[in-house]
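Shared between the two complexes below is subunit A, which pairs with subunit B and subunit C, respectively.
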Partner chain A sequence: MKINRYILASRLKSIVIHTFLILVSLTCLFPLFWMLRSSLMTNATIFVDKSLIPHEFNIHNYYLAWTEGNFAVYCLNSLIYTVSVVFGIVVVSSLAAYAFSRLKFPGKNIFFNMFLAAMMIPLPGSFVPLYVLMNKLGLVNTRIGYILCMINVGLSLSIFLLKTFFDKMPSDLEDAARIDGCSKLGIWRHVALPLARPAIAVIVIFNSLNVWNEYILATLLLNDKSLMPLQRGLMVFQGVHSVDYPLLMAGLTIAATPIILVYLSMQKHIIKGLSSGAVVG
Partner chain B sequence: MGIAKIKKFSLAQFKDYLENYLFILPAVAIFSVFYIYPFYDIFRLSLHDWNGITPFREFVGLANFQEIMRDQNWWGSLWHAGYITLIALTFQNALAFALALACDRDIRMKKFYRVVFYLPPVLSEVVVGLIWQWILQAGTQNGQQIGLLNYFLNFIGLPHLVNDWLSDPKTALTCIAVVHSWKGFGWGFIILLAGLQTIDRQLYEAAKVDGAGSLSVFKNITLPLMIPVIFVVVILTILGSMQVFVLILSMVGQGLVYHTEVPVTRILASMTGTNRFGYACAQGVIFGFILVLVSFSLNKISNKLKQA
Partner chain C sequence: MGKRFLLVGGVFSFCLLALVCTRCGKKAEKPANAIMVWHWMTDRNDAFVKLAEKYEKETGVKVNFELYAPSDAYSQKIIAAAQAKVLPDIYGILDKKEIIASFIQSGFVADLTEEFKANNSAWEKSLFPKALSVNKFETDNIYHVKPGIYGVPIDVTNIQMLYNRKLLKKAGIDQPPVNFKEFLTAVQALKAQGITGLVSGWGELWMADCFASNYAFNIMGESRVMATFKGDVPYTDPDWIKVLSIFKDLQNKGALAEGIVTKANKFAEQDFALERAAFAFNGSWCVNVYHDMNPDLEYGAMLPPPINGALPMKIWGGAGSSFVVNNLSAQKALAINFLKWLTAKEQQAFLSTETRNLPANQEALTQIPEILSQFASSMNNTTHPTIWPYNEDALVIEAFDKGIQSIIIGEKTPEQVAQDVQTVKDRQMAKKRSKNKS
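Right, the complex of A and B next:
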């Protein structure tokens, strides 16, 4: 009798917990579902039909968004920015992190602490002087200007993460390569970088998400529609089609899908990186 | 001979150092131009009156800062950000902690929950803001509510609750805070769960053997061991929520709607709205100073608690 009650209580507890978790999961997923659903409707049906699954699928919105909504250009731009910024961050931060971890030179700690401090000190409104500087350098409305700014945004954290990784990594292989007469740059390129692949994967993923989702610098620095990335383009698009909800939702779906796919395929690394990052930071 | 040897050695070392500097050169160069110089410039510009276009800028000393002290809209915006932060700290973090506790055991579909809860945080603020703006939309078409929430309220027989959620000054900020929490709780969940999983299971076993109830286990084992992680989450939640603004721009638009203004949108308004670059920089300096002060004192408290 007593045991039965115990089992019943734990069953009940498990049911309550699962109900709670499933409800929260639904809250996470439903808005995305609603976005997708609304994108498949037409302007005529969206205000009338509130059923969960639309009676007929209208894919024309995607065609309109992609062509007339300029999303083909925005997508390509986002891809260009993400790839070049992430590539830049990996090269620049791994070079610096390798030096901070392995090489000797005067002022090493000062330089490293400088990057560390930048991570700690929040500087809201730094986009104002940054915009002024870019204006002075003639880099407003250029791809390279935006790319350089975004490399800087991800630099400090990437250096920090990679340095911690290099610090824990045994240097036997690098020593062996040095004895074999490999240059420092060669050791970095052919020994250290391949060994640091797990840490670099984390950096690639998090910086990709960050660049893909970045909005404010893209807004201040890029006014030309042909240079805008997706997030900026979305807001322009929303300004023009603010009442055309099916079309807007199609645009949102186009912007969200790549990031969701990348997340789902990489979620193991992302969650692992986030968890370990929290313990370090 | 000895001297020559030392000289040769130090020359080699000099070359060695020079070579090593080359490794950090790209990072330091980018960092100097795009971080350190703007960092210096924000302080310099904050002492000037400048429209951002003409080469002439007038040195006004601390006048911008004095004006901020009297700027009702500025302090109002700070209060708004504080309100959003308060909701994020309580509602969002409590939810994250509850979910983390629920998942810190052998339950089915644990991986599924983890993946789903972290889905909103990977989406951009623009996407999240525009989706929710559509759900919270007010107004009717052909006698039917446009937005899903209002439609739903009508549907379940609560038409008196139908509201213009994002225009009503009474509800707009709360809606923004809730959507912000919706986007953020998954992040807190992952970090808190990672923290919970570092706790030695044997502690729980021992407590159970001693006959401790689950509430007592939570109070005496889980909570004390989680304090460092909780502080990390609290500090990062504060820094993130105080600076939220893209979500607001995408939910209520870029117009000057004072009841949803936060410090960063004020800075943006000073810069792009009224072309007062000096004032915008002064606002940035003050706001940065406040944030540093808050996170610094929280760090202090956290260290004290760790020692105790």
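Right, the complex of A and C next:
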């Protein structure tokens, strides 16, 4: 039998690529699997039982993690913070990015470069001045103080992403909207924003992840337990020297599930947002 | 679409406004009879809360314990709160003595010396002296802090040797070894039974350094160790070679667990808790860790078996966690009274039993579990680099610790390592001298 060399080569290439991708996927998924597996074990078995599937499923860990970690309150807080911060970032960054991209005003480049420079400063570097500022504004230990700080944290990257997107938007679309009687805000709302949907999806998922997993700034700014985000609940299972691994893993599974769902639901947009920047309109 | 957008925007704005209205400008009013404690000790939080409830019943003073963990985040919060002058009544400073000194000099920490000395030093005498020394600034200290006691230890810690009773028995050993020779014999007997001798987290260099330091004090005495740090005794001295040779002997006799030079302490803790090794070198915090991993573990604590019977075996230890009182607090007196109560015998025994940490109050030893009592009874043998009059240069310590690893893996001899360390020491001394001249 004559084998077509071209088909063989392409199949071989496909096998190599898929094997590589499967291996990469496994390395990404394995920690999640390990977390799930460990969350079903007990303290007595977690260090002894090396099997992939635990011999006994201890689902009670989830109940304990939920109640001992006070997850009901923290989940709600995290939800409030994530929704508010992401909404705030999308509104402010899209307005700012549109202005930086399409409007002409004095100091435009300086301001934009300042935003870019802000990306270079790691968050812990600004902790002390941020705390002092929030304290002077009377916003320490308030939800709004934390939300405003987190919006500020996410702005630089979001503005940068959206500006790059708006830069590629054809000016003909704007002109057409202007002829139809759109104001500058109207063009932003009816033309720029709908076109930037893939980029906004990227911003939503990146910032949702960032806010959902944030803890250090919350510890700094918030004092009341009732205001703390979900990550605070996980700390209960980590002693200074010892860790209650099964409960911690159950808590981590609870904490990670919503964000995994958000990611899965927006996956298509994210891929589009990352790859389709060149074709706008 | 437009209406929906406006609706979402409106709802969002309303929520933000509501949040602002409910919180903004509302200064938390603090009752006069209440004190606030900020801490980082997740494993002690429940016990603290129980004690606070008890204190409120007894005195009517409400104590609020606020937990901020992990310790890195806590430290950031304390520094930020200090800058904004909103520190709580009681807090801890998890940093070098240099930073503690800067807090004191900035007026954020109350001087508790008079309180400790009152009533014929009753409070001071009740606590382990070594625990207090970490919180003490001596006369003419290098930080130029007014001499005195500035912190209150709530527990103590030390690093010792642990032995597994069951495994020793299996090897026909009834009593733990009392000297290094006996230890090597015991290790040989264990090896014959296929049991690993000693495990420790020497992948974390400071732990190997601690072990070596214990034996340096035992072999050559504190004065000669300090003389070495000062530069008067070289690392090529026969006594230092003897210290380094311990690691060679342990390796040659097959006493060390496999991969000990790269083992992180948490993995070493797993090995001992799961009965994979008969001896461990670990801190008193291990009681908590072992209990979580294997509550049925039968073990005891002992001082590392000495080589030189003529000199004491010194171990690292001191205050575990300490609190300070905010000097700017309006509730300073209440805060001090609470700390006095917290460090009293009964509360210390409760805290120790509940949290499996060693009590700072030496009178509480009779009321705590045996293993904790064993650990705590050696508190008088403790020492720590933070209270030494001289400290070794960081680069020399690094060369020394890496040298230990080289000896264990058979890369270098103790003599070679001693020479390497001395070379680094000479270089650092020369740098120091030229810096002083300029």
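By definition in this document, the second predicted complex is superposed on the first by the 200 of 281 C-alpha atoms of A that agree within 3 Å, B and C clash if a C-alpha of one lies under 4 Å from a C-alpha of the other, contacts with A are read in each partner's own complex, and residues count from 1 in each chain.
Just so we're on the same page, a residue touches a chain if its C-beta (ideal position, glycine included) is under 8 Å from a C-beta of that chain, and two chains touch if they have at least 3 such contacts.
Since the structure is predicted, the reported quantities are computational estimates derived from the model, not experimental observations.
In the superposition on chain A, A:F47 contacts both subunit B and subunit C. For subunit A, the partner touching the most residues, choosing from subunit B and subunit C, is B.
In the superposition on chain A, A:S84 makes contact with subunit C only, while subunit B stays out of contact range. Looking at the shared chain after the overlay, A:A177 reaches neither subunit B nor subunit C. In the superposition on chain A, A:V204 makes contact with neither subunit B nor subunit C.
Contact with both subunit B and subunit C is seen for A:Q238 once the two complexes are overlaid on the shared chain.
When the shared chain is aligned, no partner comes close enough to touch A:A192: not subunit B, not subunit C. In the superposition on chain A, A:L161 contacts neither subunit B nor subunit C. When the two complexes are overlaid on their common chain A, residue A:L248 makes contact with subunit B while staying clear of subunit C.
In the superposition on chain A, contact is made by A:Q267 with subunit B only, not with subunit C.
Contacts of subunit A with subunit B, set against its contacts with subunit C after fitting on chain A, overlap at residues 47-48, 91, 124, 128, 130-132, 215-216, 220, 235, 238.
Every residue of subunit B that touches subunit A in the complex is listed here, in rising order: 16-17, 19-21, 23-24, 26-28, 30-31, 33-39, 41-42, 45, 52, 95, 98-99, 102-103, 107-109, 112-120, 122-128, 130-132, 134-135, 141-142, 144, 146, 148, 151, 182, 186-187, 190-191, 193-195, 198, 229, 232, 239, 243, 245-246, 249-250, 263-264, 267, 271-272, 277, 280-281, 283-285, 287-288, 291-292, 295. Of all the residues in subunit A, the ones that touch subunit C in their complex are 43-44, 47-48, 84, 87-88, 91, 124, 127-128, 130-132, 135-136, 138-145, 147, 189-190, 215-216, 219-220, 223, 225, 235-236, 238-244.
Of all the residues in subunit A, the ones that touch subunit B in their complex are 14, 17-18, 20-21, 24-25, 27-29, 31-32, 34-35, 38, 47-48, 50, 91-93, 95-96, 98-100, 103-106, 111, 114-115, 118, 120-126, 128-133, 148-149, 151-152, 155-156, 159, 184, 188, 209, 212-213, 215-216, 220, 231, 234-235, 238, 245, 248-249, 252, 255-256, 259-260, 263-264, 267, 270-271, 274-276, 278-279, 281.
Residues of subunit C touching subunit A in their complex: 2, 5, 8-9, 12, 15-16, 19-20, 23-28, 40-44, 66-74, 76-77, 79-81, 83-84, 86, 270, 273-274, 283, 285-286, 288-289, 292-295.
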